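Here's a structure for you.
Chain naming follows the written order as A, B, C and D, and within any one chain the residues start at number 1.
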Amino acid sequence: MFDNFPLWPERASTAAGNVDALFIFLLIVSGLMTLLIFISLLYFAARYRHRKGVPAEQIEGSIPLEITWSIIPLGVFMVIFAWGAVVYFKSRTPPRDSTEVYVVAKQWMWKLEHAEGQREINELHVPVGRDVKLIMTSQDVIHSFFVPAFRMKQDVVPGRYTVAWFRATKAGTYHLFCTQYCGTQHSGMIGSIVVMEPAQYEAWMSGGSNGPLSATGEKIFAELGCATCHRSDTQGRGPNLQGVFGKPVLLEDGRLVTADENYVRESILDPGAKIVKGFRPVMPTFQGLISDEQLNALVAYVKSLSGPGQAGANTSAAAAAPQSAPGKGSQVQ
Amino acid sequence: MSMATATVQPVERENYLNKHYGVGSWLFTTDHKRIALLYLLSITFFFFIGGFFALLIRLELLTPAGDLVQADTYNKLFTQHGQVMVFFFLIPSIPAVLGNFLVPMMVGAKDLAFPKINLLSWYLYIIAGIMMLHCMLTGGVDTGWTFYTPFSTAFSNTKVIEAGLSIFVAGFSSILTGLNFVVTIHRMRAPGMTWGRLPLFIWAHYATSIIQILGTPVIAITLVLVVAERALHLGIFDPKLGGDPLLFQHLFWFYSHPAVYIMILPSMGVVTEIIACFSRKRIFGYSFVALSSIAIAVFGFLVWAHHMFVAGISVYAALIFSILSYAVAVPSAVKVFNWTATLYKGSIHYDAPMLYAFGFVGLFTMGGLTGLFLAALGVDMHVHDTYFVIAHFHYIMVGGALMGYLGGMHFWWPKISGKLYPEGWARLAALIVFLGFNLTFFPQFILGYLGMPRRYYQYPPEFQILNVLSTAGATVLAVGYLLPMIYFLWSMRYGKPAPDNPWHAAGLEWKTPSPPPTFNFEQEPVVTWEAYNYDEIDAAAAPQEVPVVG
Amino acid sequence: MSDHANSKSSPLKTYFAVWIALLFGTWLTYRVAQIDLARWHANAPIALIIATTKALLVALFFMHLKGASEKLLKLVVISTIFFLFILMALSMADYATRLWS
Amino acid sequence: MSDSQAAVQPHEGLHNPGLLHHFVTEEQQRDASNLGMWIFLGTEVMFFGGLFCAYLIYRIKYFNDFAAASTSIDAALGGTNTAVLICSSLTVVLAIWAAQTARRKLMLGMLILTMLFGLAFLGIKGMEYKDKFDEHHVPGASFSFEHKEIPSRPGQYANPQHAQIFFALYFIMTGLHALHMVVGLGIFTWLLVMAWKGYFTPHYHTPLEIGGLYWHFVDIIWIYLFPLLYLIDRHR
């Protein structure tokens, strides 16, 4: 009956319940607070309305009261803060073995590419019950990836990766909105997330792939001649990339950084920014020479060099049999 | 207060309105009261422009499809609605009109410390306003009032530079007003007017001025950078050239979050005056209300990145800004509790200003409490940039700031114009505004939690019913805003002459004639009483009812 | 603060001393920048310490902040610097921790 | 001002042409102006503060590129300019002292000298800008910063884009500072005219003090700009 008049958004991810729980707690707290204020206002307004000959009784104030109504709200606020922080932290930390999807946003469309190689536009197919990590960047302005049913939102910023994740719990089709104003067709930059039962999802995955993203990346890696320096032994002019991803890297200036997606991205586009200890700054920049999609593929490839669990190889998609995995098991460090 | 017979014009005393005539006497005036009226006219003009945009926005959203205007037009409408309402109405509203009129009188001075700078600030406002109007008439701007980069610097093909410069100039108008207030409050107080005796309206304006002085320059320089970046492609905010778009957001919100307090603090000051007067009581916990204003101003500077929780800032920074955001909620809560406690054992009158004050406390409470939702990291992930945010800040800025502004206009109208407004109509208008407001904006909380993003020109059909409710509310609200406009104008011609102190209110401004003479006080006042001495006033005013004690 | 300079004996000595100190500070900044202190990351801090000393000299003696009998002006200066610090420190709180994860 | 000047009310005590109608005493007026100027300088600090914040963040992020870009600027010119401004600050305080001690000629001389120092500063600044212009270091379409070595990393070239951010900040910061100098020169021209007309007495010279505060403040900004913009990684 109320099909067209929902009052509560659908709940289709593991995060949704956490967010809703906090939201309901907040509703109760603020509802009580509103009631307290409104009832006292109305009661005082009626009880102490002006009557001839009854003067107001002057009260200067009360320090104990002031302290009480500063400390108690502060205590409640701290509970809300801590709860909110926990929920936030959970949804900011992708689990280790997530399936990965690369998202490239542009005015006004979402381009999504599964690690297994399937490409989609404005539509994302995911299975129920699996962690999906989104590695997102924008080609132009800031966008924002918002799925109300998952209670998940992350701005998509040009020039870097931002990351989000979810685990869908219910099959169905859900809205995908862009929530960061991005120009004329901002409200048209919408799409859908199709959550499927695992079996259906496998069926869907078996069609139309160009091979895994990491394989595409490997091809690009070879075409661009990266392998001449980044050799899989220790003789190269550039660091050996085997097993680098996800590990700390010691830099020339003594800093220690984690080799995450943004690190790989920066090292390709602005190689001089972070020089690995023991190497010389000889790598040319690839800024402007490769597209965001190619960059994603390279990142996926570098990731795949750090063994399974990082790339999409653990999904048993038929088309995704790794064609080659150079230097398997030769992980240095 | 009916049946105004305005045929007999008694011989008027010389006052600031009738002392000089002619356009020149207004355009070159340095009288703070006349400048306040100049501001009143100008901000009312911009209020109706912004309101007109708002109505068009609401009409467009009546249906899910984009059918009334083009997408680009819609984007310009919400952008300029925001810019006009924030920079040309709300920020100058109470400070530049009521503050300008009242601050010197309340502290017992003849004028603000720098009358010429005060006039200059109005001219800057007008120059900025003309630039903004010109920008609108020649194509407008579509970046959203937030000017987010790199959209504003590299992608929008509208008049970003002109709009940016306009707001830059408006910012200096605001800075000069704040500077004038701080110096006036420090240096121009009448003998006996100690800090502890200042009306809380003054404390609120003092706090507001701190934000204007220290926050506004940062947005000014940020806009300079945006304009330079757009004109010359410098790369400061453009990731394609090595810049960081989030730096813009940091700099922008460093001002624009405290700017919310520029809007709400003066309103809190107004409401404090009204509540004390119409419950005939001293304010409960004077020093806590005063210090909470200062605390809000200071803490307000520490919380800006709660607008950026999902923008890609570090998780740790988000934690810091979330916890600091709760710190600023405490002084706001303290104020609400103190207002409520002031009513206790009062002698409450229900005149129109008091109705607005009640409305303010109610709506501000709801606006403030929904702020807790947004400061909670976990919930903000979901409701950020949805209609929940829109509803929240309209509860603060329209429900709060505008309610206070209207309440203040009613309260001090007899002083400003020398005429009484029609009380019955005023109460009706207060009621209409309150109901219309809630009908407009409450559905937007639900829309927001359902996930409707802000700045959407078309939307999925399941959001329609709530949007229709909201639009219906907006038309009611429009009536509520037009009414005071009409009867204020009416009262200037036909209203009954106001006595010097129609509310038997405390405060130095009521010790002047209505309307006041050019230099406010015939003799420099000497203050020997505490603020809000309503017990003494009532005791003196009603000797036949209550035996005079002292 | 209304009569900071009038009543004092000739302040010329102070003025010239401050002037010399400022010129010396400029020379020192220039020289120290050419010494390699990178190992201790000391070049920038030293330059800023000298600059702050110079700014203080100007504010205290040339702008008569020192003679100001009222605390208000000092309060204005201190609170401005405080808010500037807030702007930089909290922005840096984001940038410095973005790489942690 | 027309209506209020007509209505100046006589106050008991001193009749000074500088006392405005709405102040009770001269002390009040002077204190108000002084406080007003200090607060205005506070807004100026925040105005430049936004730039310093942007500078700080990018300097840390792109330190090497900033160092390379900074090294391309003539630090000797910047240092000379610092000295010039410091001298002008001295002449300002001397002018005020001269007004306090009724040395009219000295006051006029010092005011003129201040303005000459100010003009010298702008002249040197102009030379510096011209160098940058000739070297195509002005951000924009013709910007070029190819193959410039990073001081601490021989053999590694700076990223031109990041250097462009440095130059953008350099030009905006020094440009705004120069704009403040121009405004300062305007103020001092006005002060000079007033001083010439004998407006300032040992008893009343508030405008001189207020103008002086502004001038010193512009000096202070430069004291920070000099090491931050000109002296990044200058050693070796």
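We adopt the following convention: a contact is a pair of C-beta atoms (placed from the backbone, for glycine too) under 8 Å apart; a residue touches a chain by one contact, two chains touch by 3 or more.
Please read all numbers here as calculations on a predicted model, not as lab measurements.
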Quiz item: If you average all the Cα positions, which chain's own average lands nearest?
Solution: B
Quiz item: Out of B-C and C-D, which chain pair has the most contact pairs?
Solution: C-D
Practice problem: Could you put a whole-Å number on the gap between the CA centroids of chain B and chain C? | Solution: 37
Quiz prompt | Approximate Å spacing (C-alpha centroids) for the pair chain C, chain D | solution = 15
Self-check item: Rounded Å distance, chain A centre to chain D centre (Cα mean)
Solution: 46
Quiz item: In whole angstrom, what separates the CA-based centres of chain A and chain C?
Solution: 44
Quiz item: Counting only residues that touch at least 2 other chains, which ones in chain A make the list?
Solution: 270
Quiz prompt | chain D: positions in contact with at least two other chains | solution = 31, 35, 39, 42, 46, 49-50, 53, 57, 61-62, 159
Quiz item: Could you say which residues in chain C touch two or more other chains, in rising order?
Solution: 72, 79-80, 83, 87, 91, 95, 101
Practice problem: Mind listing the chain A positions that touch chain D in their complex? | Solution: 270, 272-273, 275, 280-281, 285
Exercise. Going by the contact rule at the top, pick out the chain B residues touching chain D in the complex.
Key: 19-20, 24-25, 28-31, 109-117, 175, 179-180, 182-184, 186-188, 213-218, 220-222, 224-225, 228-229, 232-236, 241-244, 247, 250-251, 254, 518-519, 524
Quiz prompt | Residue ranges of chain D in contact with chain C within the complex | solution = 27, 30-31, 34-35, 38-39, 41-42, 45-46, 49-50, 52-53, 56-57, 60-61, 75, 79, 82-83, 86-87, 89-90, 92-94, 96-97, 100, 152, 202, 212-213, 216-217, 219-220, 223-224, 226-228, 231-236
Quiz prompt | chain B-facing residues of chain A, complex | solution = 3-9, 18-19, 22-23, 26, 29-30, 33-34, 37-38, 40-41, 44-45, 48-62, 65-66, 69-70, 73-74, 77-78, 80-81, 83-89, 91-92, 107, 140-142, 144, 146, 148-149, 151-155, 157-160, 162, 175, 177-188, 190, 270
Practice problem: Give every residue of chain D touching chain B within the complex, in rising order. | Solution: 1-4, 7, 9, 20-24, 28, 31-32, 35-36, 39-40, 42-44, 46-51, 53-54, 57-58, 61-62, 139-141, 159, 161-162, 164-165, 168-169, 172, 176
